[in-house]
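Chain IDs A, B, C and D follow the sequence of writing; residue 1 opens each chain.
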Amino acid sequence: MLKIGIVGGTGYTGVELLRILSQHPEVNIEAITSRKEAGMDVAQLFPSLRGRIELKFSDPAEANLEKCDVVFFATPNGIAMKQVPSLLDAGVRIIDLAADFRIKDIAVWEKWYGMPHACPELVAEAVYGLPEINRDRIKTARLIANPGCYPTAVQLGFLPLVESGAADLDHLVADAKSGVSGAGRNAEIHTLFAEAADNFKAYGVSGHRHLPEIRQGLSQAAKHPVGLTFVPHLTPMIRGIHATLYVKLLKEVDLQALYENRYVNEPFVDVLPAGSHPETRSVRGSNLCRIAVHRPQGGDTAVILSVTDNLVKGAAGQAVQNMNLMFGLPETLAITHLPLFP
Amino acid sequence: MLKIGIVGGTGYTGVELLRILSQHPEVNIEAITSRKEAGMDVAQLFPSLRGRIELKFSDPAEANLEKCDVVFFATPNGIAMKQVPSLLDAGVRIIDLAADFRIKDIAVWEKWYGMPHACPELVAEAVYGLPEINRDRIKTARLIANPGCYPTAVQLGFLPLVESGAADLDHLVADAKSGVSGAGRNAEIHTLFAEAADNFKAYGVSGHRHLPEIRQGLSQAAKHPVGLTFVPHLTPMIRGIHATLYVKLLKEVDLQALYENRYVNEPFVDVLPAGSHPETRSVRGSNLCRIAVHRPQGGDTAVILSVTDNLVKGAAGQAVQNMNLMFGLPETLAITHLPLFP
Amino acid sequence: MLKIGIVGGTGYTGVELLRILSQHPEVNIEAITSRKEAGMDVAQLFPSLRGRIELKFSDPAEANLEKCDVVFFATPNGIAMKQVPSLLDAGVRIIDLAADFRIKDIAVWEKWYGMPHACPELVAEAVYGLPEINRDRIKTARLIANPGCYPTAVQLGFLPLVESGAADLDHLVADAKSGVSGAGRNAEIHTLFAEAADNFKAYGVSGHRHLPEIRQGLSQAAKHPVGLTFVPHLTPMIRGIHATLYVKLLKEVDLQALYENRYVNEPFVDVLPAGSHPETRSVRGSNLCRIAVHRPQGGDTAVILSVTDNLVKGAAGQAVQNMNLMFGLPETLAITHLPLFP
Amino acid sequence: MLKIGIVGGTGYTGVELLRILSQHPEVNIEAITSRKEAGMDVAQLFPSLRGRIELKFSDPAEANLEKCDVVFFATPNGIAMKQVPSLLDAGVRIIDLAADFRIKDIAVWEKWYGMPHACPELVAEAVYGLPEINRDRIKTARLIANPGCYPTAVQLGFLPLVESGAADLDHLVADAKSGVSGAGRNAEIHTLFAEAADNFKAYGVSGHRHLPEIRQGLSQAAKHPVGLTFVPHLTPMIRGIHATLYVKLLKEVDLQALYENRYVNEPFVDVLPAGSHPETRSVRGSNLCRIAVHRPQGGDTAVILSVTDNLVKGAAGQAVQNMNLMFGLPETLAITHLPLFP
């Protein structure tokens, strides 16, 4: 049994890790830390776990994380980079669900995240945990940078086309919509029910932190810098991301075949039949990404629709997928939950 | 492996049965019928099941249900009673999720459901499938009347008190609130999103079909006819029932101990600590009923709060719990999903 | 033109006062104060008001409120009682939307609100601003205690019965459901969209501050102390209160006639035809209270359904109704908005 | 007082016309027709109107519409075109909220709407009722084709840029999101609460009827055929449209000044300050269109955000704006409602 530690367990990615890992047959959760809630029963904060999780939140200083096989960081940005070096030295493998190790260019990271990086030397070693690109490298990695929620849905949607050579890489457009849980479990006015319900808005149009992450991933896949306009929106639902992607085509391509072939062996990417419109609820609570490709009116613009659950394939589920790969377990183990529908 | 048939698979209880049974290790789904959608892939109607359910809907006439070990009816009221007799003759055991076999008094049933009963002789044999009352009889039953969604949450909430002799049985009040999926997957105006969202209303105050069902169950438990005022409400959420129950106490009773003792061995009833307020989302997608007891201001009125997921413990999950009991499987097998939270 | 001041304009009752008063033909809003947002354009905080409100938030110390004819307090509890005495001395009339002057028994108030009262001598003078009870006294009042949201819906629902002598006054039950805006515009986790959406729960069952307010009002109306069980619930909608009231009848009474007669001259109370179920959306954005009366199964328990918009008849609309009465304006002036439907 | 007739009053645009017109000081509603609900009180179907609308639905055959000054058609597509000719002959002016007269090219209309046109000769005469383009022609029109909901938000967002000569007109992208009321008050499964809540999806990507309408309008404004990719989405809110528009810029342009100048005299178009993100709730229940312009990362792609209430500026409010213009009334009369917020 793998010994698991979770740092920062009081947010939505933390409770989702608990939901998944407490049903995983090959792990024991040794510790889940929270500075603020240390000593409280986890099931008191998250009553959905009553009767299934006996743990209390530990004080980070007393959690003995160095005895774990793997530690998940479900913390705000900037925390993991301070604690990861000593844990790696102790032989612990790391999956960081925050952004600390996602961006290879340290200057870019520091600009977008507004702080100096605490361990730039580890950024180069970190493997970006998108199995559909980096599966082999993930298996042997010590340190995984788990992708952001938008970047997962957007990159999986764009990948076959940017790899194909058929896309105008200078004018990619990603119009993305997220459920409100993407903003985290933080007391803020703009995500109150009375503010976010029955309402729709864009945000961060001038620049969102997931822009450089997506641009880095697509540029690597294309082997060429891409130009991307990325507009995130807040939609009144709890979970789910819907990315609508617009690509100008430079030459003829069989979109349906391109996508089906690219993902034929992927257990968590489902290419829908031609003409489909994936719904976010069709992946709610599951680790799936469902994709449909369109070419409206036979024109030169491809429209790709890509949906995920931001807390599963966009966070905790993908983290467990990475863990399974790192420890030689079946890749899909314990992340085959069916979507909750309706 | 048990051979399973499902009659009427295009509603919400049908797809919920599929979600649960397709992850159940001891069953094979042999057929799922729909007169209207015969020939269509199940996963086309319910994209949440893509890649996991290969079945097509069968025409009811060609489904060979008599070869099944057990057949679930997830049909409108009045269908099962016509087909059950011949299936029972063929040795098939039956779990009816509709109301055909719930009310023992045929005249009462015919009044509330507005039709003559097709097989009154089987009503006496049918076992009301609430394991917390009838576990032993369920194990040997041929025919299970699976309880309604409101009756499950309301009866589990009232049971310890009506059994205790401490309650004024003449003036029970059940103020119940249901998510909109309780109204079924039917094209009707009053359950449209634009009608039911951002809105709250009572309905059926003059009389709802679940009233005689609850009254029958509580009267049996109390060994005395009870007087019940039952007011259902529609609340803008997809799943969940919250029952708020008011009971005038006739003598001193330790409510917390009473409830904890009554349910100490029940795998799916969770009595919360004193002072708690259960949330419907704490059981979303799970087979649990969570209950909290209160005695406001130390007065003579007890307030019981009881929550369930109307599609799981209130329908499909409880049906599988009954199936597990009927076939000697572990009672909790394949219905231990953790709630989806948030 | 009346000169209006608003203290504490950054909450939901504040913005609702602005929506109503900015369309009122007989008033000028002289100042709206906010310590925190002083200097900011009101329309920047509330973009719904862009182009219609030119004001900036004023620092409370510089607002010259003593030059106003009437000042509304849309502040947290405990603020108005400190500022009201000097404003009254300056000849300003006051409408307090908070709870500072609602409870006549100072000891009760101090117990429920957890602080000493700053001006107990003014509590006796204050008029409880429910026009359906106190219309004449409101006209001449200097100081109005505007009722709470739950107390408005619950009292209007109970009033005819408690006045009638036909009710068992010892066992009144009020099961009330509120939209999330009732919790105010405060950054708190439990009212986040991802916490409150697709969820239903009771809260404050052991005791809610509106309990003594309702009990006081009903006891005065009944001329006898009443026994009340009051259970508030949070429902996933923005606006609206639905109160479901249970009353044991002690003698025969024509409920429909009783209610219609009691409210025949009330411009904002609408008694629905027998058999109706009022919806909260039928009053959304309006100053109406709609009520329906039932006597299920002809038994001895009356069920009263009462709906309001918690921010209008439950707060800002009723405050303007009181202002109209105080200044001899037509009672319905500027509060005749039709509900927004759907 | 203008004599008003409404044909087809049982849908959402019908009830919204009633909400607006019943508060309009210069009109009398003479008749509102419904074949299905003839004889029923309007306020029984729409309880929000109780006490304010005394009308009953009339049978269309008996409504004497030819005595009206103006008749609104709030009917499904294909109805108005059959009745309009005789009403025009009787001297009645017409505002059609459906699509019958919106597309000038009859062949295009017949292809997208799947039926032959009943009075093609009137299509040329009809004036497209977008006052921001056609104000003068509307004033004298006999027959108004009231724009669709998406076309209003999308055209107002694109207009300044397509008129400017600075846009790449071949690759316009409109990613539009609508609340569920846009689908109308029709009993259909896909718009049930349990289907549409907590869910997000695109639809009609291969081609939506509003595509040719938008393309016609933009091509006229640009004096050049435009290439447009239009992707509508369904978002779980009742009212509101959010259009996110992507335009490749061909030359330098001061976007903020361009938009402010274009709309400086428009009473219902509000250009927000640079850097803004309009929310749909900031126009909920109002006739406003709010627009913000962005140029992310200083690149060559402009992003325009445009929000409206689909039932007001996208339907009934705009229809009344047209009526005001046609009859020489102040353009804003009775459509100055402030948005309901929150």
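The rule is simple: a contact is a pair of C-beta atoms (placed from the backbone, for glycine too) under 8 Å apart; a residue touches a chain by one contact, two chains touch by 3 or more.
Each chain and its UniProt protein: A, B, C, D = N-acetyl-gamma-glutamyl-phosphate reductase.
Remember, it's a predicted structure, so these values are computed and weren't measured experimentally.
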- [ ] Weigh A-B against B-C on C-beta contact pairs and write down the one with more.
- [x] B-C
Open item on the list: Quick check for the class: compute each chain's Cα centroid; which one is farthest from the centroid of chain D?
Closed with: B
Task: Rounded Å distance between chain A and chain C, as computed from the means of their C-alpha atoms - done: 45
Task: chain A-chain B separation of Cα centroids, rounded to whole Å - done: 36
- [ ] Would you mind pulling out the distance in Å between where the CA atoms of chain B average out and where those of chain C do?
- [x] 39
- [ ] Among the residues of chain B, pick out those that touch two or more other chains and give their numbers.
- [x] 12, 179, 181, 185, 194-195, 197-198, 236-239, 278-279, 281, 284, 342
- [ ] Classify the chain contact graph as line, ring, star, complete or other.
- [x] complete
Task: chain D partner contacts - residues on chain C that touch it in the complex - done: 12, 15, 19, 22-23, 46-52, 181, 185, 197-198, 238-239, 270, 272, 278-279, 281-286, 290, 336-342
- [ ] Using the touch rule from the top, collect the residues of chain D that touch chain A in their complex.
- [x] 171, 173, 175, 177, 179, 194-195, 197-203, 205-207, 211, 227, 229-231, 233, 235-240, 242, 244, 246, 248, 275, 277-281, 284, 294, 296-297, 299, 301, 303, 305, 307, 342
TODO: Note which residues of chain C are touching chain A in the complex, please.
DONE: 12, 179-181, 183, 185-189, 191-198, 236-238
